[in-house]
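You will see two complexes here that share chain A, one where it goes with chain B and one where it goes with chain C.
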Partner chain A sequence: MTWLALSSNEWRRRPLRQGVTTAGVAIAVAAMFSLLTFHDGYRDGVRNEIERLGAHVLVVPKGCPYDAASIALHGANWPCYLKSNYLQEVAGTTGVASAAPAFMAALAAADGAPVVFVGIDERMLALRPGWKFDGAFPRRPGEVLAGAEAARLRHWRVGDQVALPELSATGTISGILNATHGADDSFLYTRLQDAQQWFQHRGELTHILVRLKDANLLEPTVAALRGCDAGMDMNVVPLAHLFRTIQRLANSTRLLLGSVAMIALLLAATGVSNAVLMSVTARTREIGVLRAVGASRGHVFGLIWLETMQICVAGGIIGVLLAFAGSHGVESWLRSGLPFAPSDALIRWDWLTAGLCLGGAALLGSFAALLPASRAAGLAPLEAMREGAKT
Partner chain B sequence: MFVLVLRNLARRPLRNGLTLAGIAVAMAVLVTILAFGEGYRQALRRELEQAGVQMMLVPLGCPYDAAARVLKNNTLENSLPANALDAVRNDPAVAVAAPLLMAACPRQNERRTDMWVGLDRSALLIKPWWRAGSGRAWFTKQDDVILGADAAALEMRAPGDKFFSPERHREFHVAGILERSGTADDSVFFIPLETAQEMFGPLDGLRAGQADRLTAIAIRLKEPTLIREAAARLQKIPGAQVVTLTEMMGTFLNLLGAVRTLVVALAAVAVVVSALSIFNTLLGAVLERTNELVVMRAVGASRSQIFGLLVVESLLLTLIGNIAGAILAFALGPRVEALAGNWIPFAPGASLLALSWADVLRCGLLTLVVGVGAALYPAWRAARLQPALAMKSE
Partner chain C sequence: MNGAFIEATALTKVYQRGREQIRALDHVSFEIRRGEFVAITGPSGAGKTTLLSLIGCMDAPTSGTLKISGREVQGLSERERTRLRREEIGFVFQHFGLIPTLTVAENVALPALFAHRNGATRLDELLARVGLTQRRAHRPHELSGGEMQRVSVARALVNQPKLILADEPTGNLDSATGESIIALFQQLNRDGMTIVVVTHNAAMSAAARRQMVLRDGRIVEAQGE
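Then we have the complex of A and B:
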């Protein structure tokens, strides 16, 4: 019988104990895996979302720039407005390649999901080179370019005459955007003038998206934008700074969360140690016999070590799979509580992280094995047989 | 029965010790986290309420970004336009407008950042707690400095001492030390507004004509209900924006809430893991003591007595674990806080940990329930043993 087969005997003998111990490891590893992938997923999600916006700088009304950026990314009603004539100044600033005006407004629909209208003009196309759509860009009054998801939900097709949801106006679907997998999918794009008229904010904008000629000249351009005549009445938000700040906030929580997850892992290791210790105690006699028939101390140590590793590695694999299987539920729960939750998947499969978690579990197993294995190896053969016979 | 339980636990000191340690750590984590969140919220609220202001007028741009820039030893490029203070004071709804110049002075050698705040007399109206613990409560000379309680303790200065700021090459005279207020102001160096403008203006490369700059104006309204109209009017001041404190607090609490949910979930994982450990330990104990339990049954112990024995064992284990955990939390809490304080954004000055007996009780109750829950199956197994087995196995 090989050592591996011998060491896996315990699974048959005490399935419940082994199972419970493994479950403990699995839960702790699952928590760790979710946490690690979530952190990466969050960072990439926020970055993708900002990149999808296609702008380097966001010009928004006064107020908290974070709220403003969040509204621009996800779509909602704005508390304040910019004057349309700021646009000329922004576009005329040195370093600005293109400045696209937008007027965004959201209406609460009967089914709870808000309907977001965004008034834009052709300048927006310069910022979204990735946009592909069937049909045409809205150029005539009442024309609407619908996001893929919005169109699918309402069964709209290009050329349809439709009653615009939550508005007492009708429109023509001039085009339907191909899926972008971002917030764009659920927006309804109209002509700037139409949106301003429908929501009675003529001559006002909610935000201006600015693309620079050279992304490396961010600082001087932002300074120039802040210094222009309208600069005192608007907030200039460089998106790179925004990303950095969100990232810094996320990182500051990382240590805290990581250490709590580490504690859970340590507790699981204690449980493993305990369970193996119990099985060693129960098998005192057996180990004595093993020693008596010629197994060295090293053999016994290796046997117990192997047993512990089996529990930890099995727990690690189950934990990673568990985390992946449950990621959907965890994600929707996280999304409900997180500020700035990007619309991309937050928890994704990542071989590196999975490997890291497995390696961590194995390492932990090695430590957990030390105590019971050395105790088993320390047993003197004859005494062990005698003591085993007593109980 | 109690003695019996104790003796059983003492029989396997290592095993039960490990289990105990697991429970204790899980309990300590849970208590600390609950206390931490609660303490953060209380400190934040106290800070905002003590300030006695309803809104702040700050320069355009991101308030967080400005804070970050300061930390990196960069200049505060944003400042309020000179006429903002007059505009605020002329607003009909404003009762007090206190100009503030805040500057952070990083001290690489000592790995900390000193906060310097320049203020004038009107600041006393928005800081009702302002009282000198020793020395004078207000500046008499331009190079006077008044220290917050923590700042004084850190610098080991008393009123009358000289105080040299190597970064700014300036010598100050400690005029007074404030009583502890429990806010971030405890660690601040207060100096007269004009001195601050003179000291932080030119060194930070400000253009001429900006010497009378401010970083914020704290505003108290005549009537708190006027907040909406006042905010709308003040928002029109060019180059400045209004942040109401309710907004600010909401943002912080949102962030905190998100982090807290995550941490509590992880702590719950820790509790579950230690529950599994209890389960295993008890199950092992039952299997090991099969003979003993069977004999007990044979000499007349009822099923429910055996069941009770095991449940009490688990209860005792969790109880001792709880007590150890609570002690651990109280002993290590402040140390953990000092560690975590460096990583938590916008940490208020006061202690963040609000360890309360209510929290300890709540966590204790939870872990006890979990402990009993984990004991159910092993206890049931033990109670099911047939007394007749005693004859066979001996």
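Then we have the complex of A and C:
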């Protein structure tokens, strides 16, 4: 006979009640685990995505700068364009180290997935020092640098002559990017002029990626860019500001979800406390017998505390596993409600967060146990046996 | 026999029920020596169970003194009373008081858990003594009334107490089964155990070496050694 065996008795006696109570804790812990891992995943995802761009400033056409940033990061069709000659003004602005032009367009494939073409020139390489690829950068007409995933899906190899997907044109795979684990993996990079020609936007750009000589001089450089002649026709988006703004928007979502998770935790604690209290009331006589055969108040308190902890820790473990198992569904739901969602996984396994959630569940159990355990421990043996005999 | 094991002097217990005062015990005095087998009898409401609860340190007297093993019970703290109950007294209840989800073996070992003792060491011996060796893995609902009361007796013995207190131990049993419990109590007493039993059962009362009859909270008759 052990304390653990004795305290697990309620599971045999009332499995449904114990199961439902545990499920309540599991749901609350799952919500908390998803929220905490989402917080870290989202922050890291946005930061990684912006860092992968390799720029300090994004110059985009007039309109919502966040929509434009999202398109530049994830790939899609642009609603309006910049004139190519703005590039010279941008590149010549004080504090700008390099400015890389880009023309991006997307076509829907038969399976519904977009095929994203990005026209660039060699100035992009200065912004992406981390890029590694087999083969060569596209320098001749029709040459394509394929993202790792795009090439894998289509079984392309360097040197292949290929029909460009969804375009009535052929091209040569001049190079294949090594995996970046970002949106670049699914893009098809071509010469800037080719993209402008294929999509009939000669002399136009979708965005310009700007790297500064000194990142500490972001504010004066952004002011200078906004003040140049082309400044009236373009949006200058400092990516550090973008990161902060996106985080702020996400924080408001997180706050809302956090409130829901906290309420769920409080409700779970109340549910646990109530269920254990009912169990104590139903076992008043039994507690009296335990006191009669030698259990002290401390023993009874410990017994009820252990029972409550079993519910909460089991709920915690189930909740964390449930959250991880259902992370794809939760992630899809979160993406549908977020103003900006990075392509990286938003919810991922994290031991520290899992430990934190289990610790939280144990803490919840300790609080939930206080009332029923105190009540049980406070029962005088004789009164408990008499009271129990009436019920 | 040895000196007084239980010594009650002018023991009084008054319960308050609303505005009404109920004098359950009224200046009761007696001695019980080690190794005695005492039956407390009397009509319902005479104060038998109240007296047993006081001897079992489950309740405190309103006035008077009660000494067990030379210690005044009313001077003991809650913790000390629990320890006394755990180490020196074994309880047998009319309704058995078994935990329905535990096996026979687990029920018997339960007091040992609270005493931080290894109940397993005495388990085989106790189950053999009450004739339940084959039933050790069964749960209470799988046992007859007599068997449940035997489990209750084995549980009362696991911490090697000096005193067994039994409240109507045959009250829920048929007469044949009741006789086997009486025989078990007699055997325990022959082995030196002090037994105090509250009973309405004439056979149980006759089996005891001494009888105390309570009426309206007072001892009205004492027979035996």
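Assume the second predicted complex is superposed on the first by the 382 of 391 C-alpha atoms of A that agree within 3 Å, B and C clash if a C-alpha of one lies under 4 Å from a C-alpha of the other, contacts with A are read in each partner's own complex, and residues count from 1 in each chain.
What we mean here is this: a residue touches a chain if its C-beta (ideal position, glycine included) is under 8 Å from a C-beta of that chain, and two chains touch if they have at least 3 such contacts.
What you are looking at is a predicted structure, and each value in this text was computed from that prediction instead of being measured.
Novice: Touching A:Thr21 in the superposition: chain B (first), chain C (second), both, neither?
Specialist: Touch partner of A:Thr21: chain B, not chain C.
Novice: I'd like to know which partner A:Leu277 touches here: chain B for first, chain C for second, both or neither.
Specialist: first
Novice: Quick check on the superposed pair: does A:Ile347 touch chain B, chain C, both, or neither? Answer first, second, both or neither.
Specialist: Neither partner.
Novice: Quick one: name whichever of chain B and chain C touches more residues of chain A.
Specialist: B
Novice: Is A:Trp3 contacted by the first partner chain B, the second partner chain C, both or neither?
Specialist: second
Novice: Would you sort A:Ala148 into first (chain B), second (chain C), both or neither based on which partner it touches?
Specialist: Touch partners of A:Ala148: none, neither chain B nor chain C.
Novice: For A:Leu266, using the defined touch cut-off, is the partner it touches chain B, chain C, both, or neither? Pick first, second, both or neither.
Specialist: So A:Leu266 only meets chain B here.
Novice: Would you sort A:Ala195 into first (chain B), second (chain C), both or neither based on which partner it touches?
Specialist: In the superposed model, A:Ala195 contacts neither chain B nor chain C.
Novice: Quick one: classify A:Val293 as touching chain B (first), chain C (second), both or neither.
Specialist: second
Novice: Return the residues of chain A at which the contacts from chain B and from chain C coincide.
Specialist: Comparing the two interfaces on chain A, one with chain B and one with chain C, no residues are shared.
Novice: Which of the residues in chain B come into contact with chain A in the complex?
Specialist: 12, 14-15, 18-19, 21-22, 25-26, 29, 33, 60-65, 68, 81, 235, 238-239, 241-243, 247, 251, 254-255, 257-259, 261-263, 265-267, 269-270, 272-274, 276-277, 279-281, 283-284, 287-288, 340, 343-345
Novice: Given the complex with chain C, which residues does chain A contribute to the contact?
Specialist: 1-3, 5-6, 9, 12-13, 285-286, 289-297, 299, 380-382, 385, 389
Novice: Mind listing the chain C positions that touch chain A in their complex?
Specialist: Where chain C meets chain A, its residues are 53, 56, 58-59, 78-79, 82-83, 85-87, 90-91, 93, 95, 97, 99-102, 105-106, 109-115, 119, 155-156, 159.
Novice: Inside the complex, what are the residues of chain A that reach chain B?
Specialist: Against chain B, chain A makes touches at 16-17, 20-21, 23-24, 27-28, 31, 35, 62-66, 80, 226, 232-237, 241-242, 245, 248-249, 252-253, 255-257, 260-261, 263-264, 266-268, 270-271, 273-275, 277-278, 281-282, 334, 337-339, 391.
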